[in-house]
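Taking it in order: structure first as structure tokens, then the write-up.
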Amino acid sequence: MNRLKYLLKYLQQREVLLGLMIVLLIGLVGVRAPIFLGMSSLSNLLTDSTLLVMLAVTQMFVIITRGIDLSVASNLALSGMMSALLASKFPDLPLLLIVLVAMAIGLGLGLINGYLIGYLSLPPIVVTLGTMSVYRGLVFVLSGGAWVSSHQMPAAFIAFPLSQLLGITHLVWIAAIVVILMWYLARYTHFGRDLYAIGNQPTAANYIGIPTPRRLFWTYGLSGLMAGLCGYLWVARYAVAYTEIAYGFEFTVIAACVIGGINIAGGAGTVSGAVLGSLFLAVINNALPVVKISPFWQSALTGVVILTAVMINARSNKKGSRQILPLQLLQKNAIRSST
Amino acid sequence: MLMTNEHNPFPIAPDGSLAPPILTLKGICKRFQGIVALHEVALNVRAGEVMALIGENGAGKSTMVKTLTGIYQPDSGSMHIAGKEVRFATPQQAMLAGVTAVHQETVMFDELTVAENIFIGRQPMHGFPARVNWPLMEAQAERLFTRLEVSLPVRAKVKDLSVAQRHFVEIARALSQDARVVIMDEPTASLSQREIQELYRIIRQLRAAGTAVIFISHKFDEIYAVADRYTVLRDGHFVAEGALADISEPDLVSLMVGRSIHQTFPKQEVAIGETLLEVKDFCHPTEFDNINFSLRQGEILGFYGLVGAGRSEVMQALFGLSSNVRGSVSLAGKILDIKSAKDAIAHGIAYVPEDRQHQGGHLTMSVQQNITLPILDRIGFLLGTRRNEETAISRHYSEQLELKASHLTQMIAELSGGNQQKVVLGKWLATKPKVIILDEPTKGIDIGSKAAVHRFISELVSTGLSVILVSSELPEVLGMSDRVIVMHQGHIKKVFDRAHATPESVVAAASGSDSLAVEMAEEIA
Amino acid sequence: MTSPTNSSRYTIRDKEEFQFKKFFSHWETLLALLFVAAFIINSLLLPNFFDLHNLADGTFNFSEKALIALPMALLIICREIDISVSGILALCSVAMGLANSHGLPAYSLLFIAVFTGAACGSLNGLLVTRFALPSIVVTIGSVSLFRGLASVVLGDQAFTAYPQLLIDWGQGYFFDFIPRQFIILLFFVVVFAIILHATSWGRRIYAIGNNPVAARFSGVSVDKYRFMLFTLTGAMAGLAAFLLTGRIGSTRPNIATGWELEIITMVILGGVSIAGGAGTIVGVFLAVLTLGVVNYGMALANIPGIIMTIVVGILLLITIALPRLLNRKKQRK
Amino acid sequence: GCEQKSDKVKIAIVVKNLGNGFFDAAHEGAKEAAKQIGNVEIIYTGPTTPSAEGQIEIINSLISQKVNAIAISANDANALVPITKKAMQRGIKVISFDSGIAPEGRLMQLNPSNADLIGLKQLQMASDAIGGKGEIAILSASAQATNQNIWINVMKKDLEKPEFAGLKLVATVYGDDQSDKSYREAIGLLRSNPNLKVIISPSTVGINAASKAVVDEHLVGKVFVTGLGLPSEMAGHVKSGAVKEFAIWNPIDLGYAATYIANEFVKGNPNAKAGGSFTIGRMGTIEIDVNGEAAMAPPFTYNKDNVEQFSKIF
């Protein structure tokens, strides 16, 4: 009895529910296209989800502070383009240096957001809407509108993301490390905990003495840093860089967070939620081409699935009324009404 | 009356020596866009004493608290702790210097646990790489509550706590950092009698341990019960300080408001008419059950209970704000179908909520826009052509409630807490209701205005209105009501006539009269 | 109504006194100055700019977006947002195309567009109010759905051959000079300004954006207003679809892609607070005109569109950051 | 103010979107033509993303600038008609090149090559890569791209011919001009069609993504990618072996020809009309058919022997 109650309560948790939904979805797709359940297919799915996962976990921090970072995709494109240009101009540079440069550019761009939002207390959605256009435009200006194609990039540059270590791609390793770091950051550091406080009650956070401007500054910096890293990974993975890479990807990232139960109003959300939300979207995106549904249906189905996931989420989210009546009396009532 | 300089401002410390003040403020000024909130204010607090900070709404008490705790920086003046000049650029620095506060606004993080709310920003760390030591933090929180002799689940999320429980979390936070000066800005405003007693006990415990306590309250019985000395502010100016033992309550009041106030409850005898409102078999799945009562024309019906007894929930349901409610409400014999607040207003019911910040006011809207919001339909659809009427209505109620504001188009965020409450009250009076439900109408209101509110309530009933007065203040309920209904855990426990309502019997009913301790334990578990 | 004796100890003035400094710190004033500056600079630098015919034609570039920006402003004032407007627009256009290809009369297309838009908007509104979901979340999902449905219907095809009536309204002029679209826009600017600033509806919209809980406690049917605003936004997107379809004479599922961000930029630049509760229609309209002038000027100078996005982005950042920076300096003094 | 009367002929080249290597190369050709003709000013412009609305805004401003001619590669054959009609009413000569506008909206359409030839070419390359037998799939840019759809329809028709009897088209998918979506679609094709032999992608983003997918799935030599792409962007994939052959027409020549033709229309050459023919500089004579269309040479095929050489040019 007690154990059952415990199990039910556990099942009602958002993360568990979402995990079950993902398994169910994979199963359903598998019924229609058994190939989807193959080892290589699933590992490809995992690899494919990594960029989204990484961006979603850092976006999660931003959303927790009641913010939003619409500029991630543009930032990704800009730092990706810069790393590609760098690699093509100086093919002998060590890869690590190029990755670091990409991350530094991303960080810098993120910190610009952070300064405007943290220190000037400007509304995040407006600031990042602005920098989103600016960064995207800069990709065009700095690249002269030209592509950087695969043969211009050094082989090592392209090969890195999909090379394997112990049978697992670098992308997955990196994402795993990022997820663990972010989980640690969220749960075990003053930085992470302060973000929850800021998101819960910004004014109260000030009263407590949480350095809100500094925290926001670095939160957007972190989001930018991750965009920079993903910028390199994206460009290397698809072996091409041009102005419009990852166009509109910011909404996918936000959708992943939202599906993962990160409260868009701030203050609540977990790393596991963000990861699961990203996996959920990745499963859909990878499954639709495989199940041979007309391509014209893809967008509509994605919309329906996002809305459904969000609605299921909302059910476990709904604020109930307060329990004032003494419980033993209620049980009596229940017995009365059931007989 | 005795002024500061006429008696010895330095009391003798418990060990017999003349203790120097631990905290001294001199010439503190603070201005907000032209408004002078504090002007040349001085304050002296010694270790081991409770200093009552007294003043009307908007006198500058909270501003002083925020200046002391580093949230605001003073424009001029100096601050000394144990003789050393200090300057707090951030709240953190104030905490490190041992100055902590329980603010008037709740400082709570709903999604975080009780333990974390206490230690937020300075959670204990351990290991390498350094990480938050959750078990230690929770253990420390447990220890803190044991010391305070309050029992609270430290791992519960704060959003699941009652208002009173939240308050104790805030108090625990202020005490968790070995503070030398603890400030409490109206800590009792939402506490019940029982919890106020707990608070007194904690304050005495602090005083015994040599902590200086600054205690802000509008209730004089509390001030006399717990404080040693007083400092009075009026309109941002320092007025007087001294020992409470040397001053009588009326003198203190006149110091505070600069004139004398009749404090007796101005209950006028009004002929009570027919039954106006009748509530039958009102129930809700989790909040209340089996609520039956009636309200007669010209009657003031008091609702008393411990905080969390469900009075507000019943009233909100009556006002059409809850779904899931069963039962019937009839007004003047006609059964009402109230589905929303709009219906309730249309039937002549008004509800003045208790939570000013969230339910009451529109902070960035003007006084005028706040007051006319529920009666917009009455003013007319095309408001643009009805400006004068709108102004006249809002002026009428602002003046009646002695609102302190510079103009009617001022945002109410710029008003002091008490004045915001007045705007909310004015808004509901403007609906010209038949039945007005006042949920803690004088919470956070200073004594002068409180008397005005009470006078107002009396005037209301004399014009034929009926009032439901929900209050956790026993004197107010007993002084104002014709009948008192006591609620306990979502039920009506007892109904008293004015004649039979004695403080003892009412409190006994409110606490469930029988095994109090057992229930308390259950409530928390 | 007024009390016979002024019992209060405090005097309260009716209105704040007019202050010159305050007037100039108004967003609308700043925008108006910006608009005039942009206009003058463009006229001086660009030979073809100050030509009434050209300016009139230039309004085609923003009229449809501005029509959606108006209800969007109300939504944002109400603390909601609708990311799905461009998806709604596409679906409305598809609905018109379907109706047209089934031979429905020309004037009925307007009703079909507006009705489809209202239906889409009310779906958003239903999800937001019924399930208590944040609107940004709902509309991120529904934009995919709406545009997806458009693509389900059309696939790789297009609807063309729209009747003359549509073309007249989409491309036509009044008095051979002022685009009809712009007149429609002006009409709706006035209507929305009256609704927001001079009626009890508008006041309640502000109240909801300011504090939804207190608004509910004050007898405002918060959810009804939200629902109606989403529906209205959808309907206006339908109207915009009618005009745009008339203007370009064809429908494809990717019509109006990316408009939502441009529309939101207009609204925010217009001084509507993203936190709700503040903003004016005049501000939004001034922002529309300013953006129109800047964009049109840059197009005349043949500056690539992507550079324009940089300029618009920077404009957005500067206009919101500048007051804050100035304020800071003043405070430090 | 006083209008600056410049006697230069202003020819605007409006492309689908900026930052597209194909059109940048066409721009080079246009500049070359302008230099040869003399007294011609080229305005090279286009929207940020390939949208018809963006092109309409641009044409609006070109009308205001009173350019002499507009040569456009349209994002939507129908949506641009009203605005180009208006431009023509105001005396501007409008021609389309590469991706055409519906006949009523332009004076002539310059096809880079004949649509039938392009479709056929792609099928041939696919057939050659696998010896004429096997499953093929198409990865298109987007369902809304006019020329993509025309080519796909040609291919579908051509597949019924006996020489392609061995080829079986199993799927047509869309990558929306995004590398990640195209890549995912390509992977999906490879997964769900284990016997797939060729992916044809008539889009530059698509052919790149498909090639990368084939490499990543270790299917080089088993599955081939072909289609339309630029040598500079495809060189790497030819080297990796994922692509044996691909085709493209010469964008430089295309831009050159478009500019030349536009200039002839501005000059009022009596032969500049449907059914006429005239010489256009180094390209020789061009013939406009009765539908107002003209076509240039068949697409040129690139493979590992020549791709390096051309990748330096465009």
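Details
Going by the order they are written in, the chains are A, B, C and D; count residues from 1 in each one.
The working rule: a contact is a pair of C-beta atoms (placed from the backbone, for glycine too) under 8 Å apart; a residue touches a chain by one contact, two chains touch by 3 or more.
Computed from a predicted structure; not experimentally measured.
When every chain is reduced to the mean of its CA atoms, the largest separation from chain C belongs to B.
Here the CA centre of chain B is 43 Å from the CA centre of chain C. Centre-to-centre, using mean CA coordinates, chain B is 73 Å away from chain D.
Averaged Cα coordinates give chain A a centre that lies 36 Å from the centre of chain D.
Touching two or more other chains at once are residues 140, 243, 296 of chain A.
The set of chain C residues that touch two or more partner chains comprises 151, 155-156, 304, 306, 309. In summary, the structure contains touching chain pairs A-B, A-C, A-D, B-C, C-D.
Interface of chain B with chain A (complex): residues 69-71, 90-95, 103, 105-112, 116, 120-123, 125, 129-132, 284-289, 308-310, 313, 322, 324, 489-491, 519, 522.
Across the complex, chain C is touched by residues 1, 3-4, 18-19, 43, 45-49, 51-54, 56-58, 60-61, 63-66, 76-83, 86, 102, 142-144, 149 of chain D. Remark: chain D residues 18-21, 24, 48-49, 143, 171-174, 177-180, 183-185, 187-189, 191-192, 194, 205, 208-209, 211-212, 216, 232-237, 239-240, 311 touch chain A in the complex. Within the complex formed with chain C, the chain A residues making contact are 68, 116, 120-123, 125-127, 129-134, 136-138, 140-141, 243, 251, 254-255, 258, 264-265, 294, 296-304, 306-307, 310-311, 314, 317-319.
The touching residues of chain A, counted against chain B in their complex, run 184, 187-190, 193-194, 196-197, 199-201, 203-211, 267-268, 320-326, 329-330, 333.
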